[in-house]
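See the structures that follow.
Look at the two complexes coming up: subunit A is in both, with subunit B in one and subunit C in the other.
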Partner chain A sequence: MLQAIFTAFFGLAAIWFAVVVFRTHSMVRSALALLFSQAAIGGMFLAMQTEFLGVLQIMMMATEMAIMTIFMVMYMMDPGGLGAMEMTHQKRASQVAGALGALAALAVAFFTSWGPITPEVRPAQQVHDLGIEIMERSMLIFETAGVTILTVMVAATAIAIMRRDEE
Partner chain B sequence: MSAALTVLMLFAGAYLVAVLEGWASTGKLRPVGPISSALALLGRESVVPRQPDRIFFEVAPPLLLVAALLAAAVLPLSPGLIVTDLATGALFVNAALAYVMVALLMAGWGPDGAYAMVGGFRFLGQLIAYSMLIVMPITAVTMRAESLFTTEVVESQAALPNAVYQPVGFVAFFVAAMAVAFLPPLDLPTAPGELAGGVMAEYTGWRLAVMRLSRVVLVVTLAAAVSVFYLGGWLGPALPPWAWSAIKTLLVAVAMLLVGRYVPRLRETHVLEWGWKIGIPLALFNIFYVGVLLLVV
Partner chain C sequence: MTTLILALAVGAVLFGIGLYGALSQTNLVMILMGVEVMLGGAMVNLVAFWRFLHPEAYSGQMFVLIVMTVMALEMAVGFSIATGRFRAKGSVEMEEAQDLKG
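Now for the complex of A and B:
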């Protein structure tokens, strides 16, 4: 019961902060609202006893969204939102997409057979199993993704340096 | 029970560290210094700057305190004395410390002041330079413990503390911990004299008191983290476990403050350059070195 209450609380917090992302005019507020929306999802993971996933989500989102803040402040003409810039666009399309998405989520929730509830796995066992999974079956996927991202980072840095030399 | 005791120990440690910080910056040891300056701050008016981002301005000081307290919650004082012994404790320390940066970003942006904003974004700009030196040394520490439980990390050091077993990681983590707590040679977000207080420049009265308290608690938390991950936490002869934790934590805090007393503030470009070009390769080498030690020796 307590678990359900906390899951619902963090879920509602995630939705509320997601709404704030579009309600505000300030880029920094928008980015940090997204941060707290994602951190609330991390809180949901914790409430649902997937400890590693929750802690990882809370940690990664803090750094990622903060880095996004600095880029939004650098590139937007009105980062503080004093010009009351509109944060939404394509309103009709997004309303339709939002309604369809909500219906699909409800349909999945009510019409899918969820099967028997799996027995609770101890957090330490979850960490162990995740490690085995990453180091065995999914190793190639993770390594490929990691090397690809590293390549992109090095390439982007190289491009930035070369452009500066031409000026 | 253990939560209350931990908080009590944390604030007692914060008081001692505040006295020591006063000594490190002025050269005078004044045991009542923190009380008198806290009373002075609480008595003063807390001015709100013009056109602030009010939410960030108000949330930043408590968020800094919450981040420090959450990180302290997974650090054990003695075998039974830990607020919550998470299966992902070592990772949770990182997660909580990430919100120090978020709090400083808010404190920098919130008050609508140039110095504060430079300080906040400066701390964010250094993020990779210091946070990698927190994460990677902890990785090597947990490799040796074969567990993310902070209590098992301490127990893994029964034969030899990690400071001796992996000295490179110890040095990297120690320096990075000083950067997270923005202690003197690395106090770039506040930088008195250069940024006139930076992220703390626009805070006055009780808000500044909360901010300073959070910062001192953060110093204690990070000193406790160094003690748990590298100095064997509660392990030691003769004295009770909690006393060893307290002694080691205080000694680490004193060492941090002493470095700040004798080393001048680093330039931001140097912090970034040394963090990226020396620190990260050394931390990667440390992981490799510990891996070789674990598999071969």
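Now for the complex of A and C:
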């Protein structure tokens, strides 16, 4: 029961802040709202006894959104939102697409028979078992992710500093 | 069962909000935010499936780790494109980015 209450609380917070991301005119507020939304998702992970991923999510998103705020202030034409610029297009079509996507996913969630539910997990055992999974069966996937991160770092830097003809 | 459905519902709503954001925003950084919200919804679903249906299979948590990596990489690539675009055109408004349009 307590688990359901906390999951619902953090879930509502995640949804509310996700809505604020696209409603506010201030870019800093928008980035902070996304940070809180992602942190609330981390809170949901913790409520669902997934301690390692919950802490990782909160830590990762805190740094990621801090960087994002800097980029938004750098690149937006009206970062403070005082000019109340219109920065949306095809609003009606987007609303319909978003509503349809959410409704389809909700229908799957509510009308599928999910089978037996496991009431308890062993939190103390989790990090150990996840470590074994990463270092044994999923080793290749984990290594591939590492190499991909390195490749993206190099590629992203190359794109950002690419010399153009007019320079 | 209640908590599983609850988590799946939150994931579904987050996906819808993210989809709306990714489609409706004109600024590249805001589009990236929409994608982040969608991936957040996907992660909630993955964790709920792992916790309530197959807690013995840790590949479920591994999948979440991969999605987190994808989120970080998407941000890195998105910001590098934004930086390149800003240096070239002085704006990251996607309505102006029609150079490749036939």
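Here is the rule we use: the second predicted complex is superposed on the first by the 150 of 167 C-alpha atoms of A that agree within 3 Å, B and C clash if a C-alpha of one lies under 4 Å from a C-alpha of the other, contacts with A are read in each partner's own complex, and residues count from 1 in each chain.
Operating definition for what follows: a residue touches a chain if its C-beta (ideal position, glycine included) is under 8 Å from a C-beta of that chain, and two chains touch if they have at least 3 such contacts.
Just so it is clear, the model here is predicted, and its values are computed rather than measured.
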*Could you check whether subunit B and subunit C clash or fit when both are placed on subunit A?*
fit
*Which one hits more subunit A residues, subunit B or subunit C?*
C
*Based on the superposed arrangement, let me know which partner A:109 touches: subunit B (first), subunit C (second), both, or neither?*
second
*With the two complexes superposed on chain A, say which partner A:52 touches: subunit B (first), subunit C (second), both, or neither.*
both
*Rounded to a whole Å, what is the shortest Cα gap between subunit B and subunit C in the overlaid structures?*
14
*Touching subunit B in one complex and subunit C in the other: list those residues of subunit A.*
52, 56, 67, 126
*In their shared complex, at which residues does subunit C touch subunit A?*
1-21, 23-30, 32-34, 36-37, 40-41, 43-44, 47-48, 50-55, 58-59, 61-62, 64-66, 68-69, 71-73, 75-77, 79-84, 86-88, 91-93, 95
_Per the contact definition, I'd like the list of subunit A residues that touch subunit B in the complex._
26, 28-29, 32, 35, 51-52, 55-56, 58-59, 62-63, 66-67, 69-70, 73, 80, 122-124, 126-127
*Sort out for me which residues of subunit A touch subunit C in the complex.*
3-4, 7-8, 11-12, 14-15, 18-19, 21-22, 27, 30-31, 34, 37-38, 41, 44-45, 48-50, 52-53, 56-57, 60, 64, 67-68, 71-72, 74-77, 87-91, 93-95, 97-99, 101-103, 105-106, 108-110, 114-115, 117-118, 121, 126, 129-130, 132-134, 137-138, 141-142, 145, 148-149, 152-153, 155-157, 159-160, 162, 164
*Within the complex, which stretch of subunit B touches subunit A?*
53, 55-56, 86-88, 91-92, 94-95, 98-99, 101-102, 105-106, 109, 121, 124-125, 127, 131, 147-149
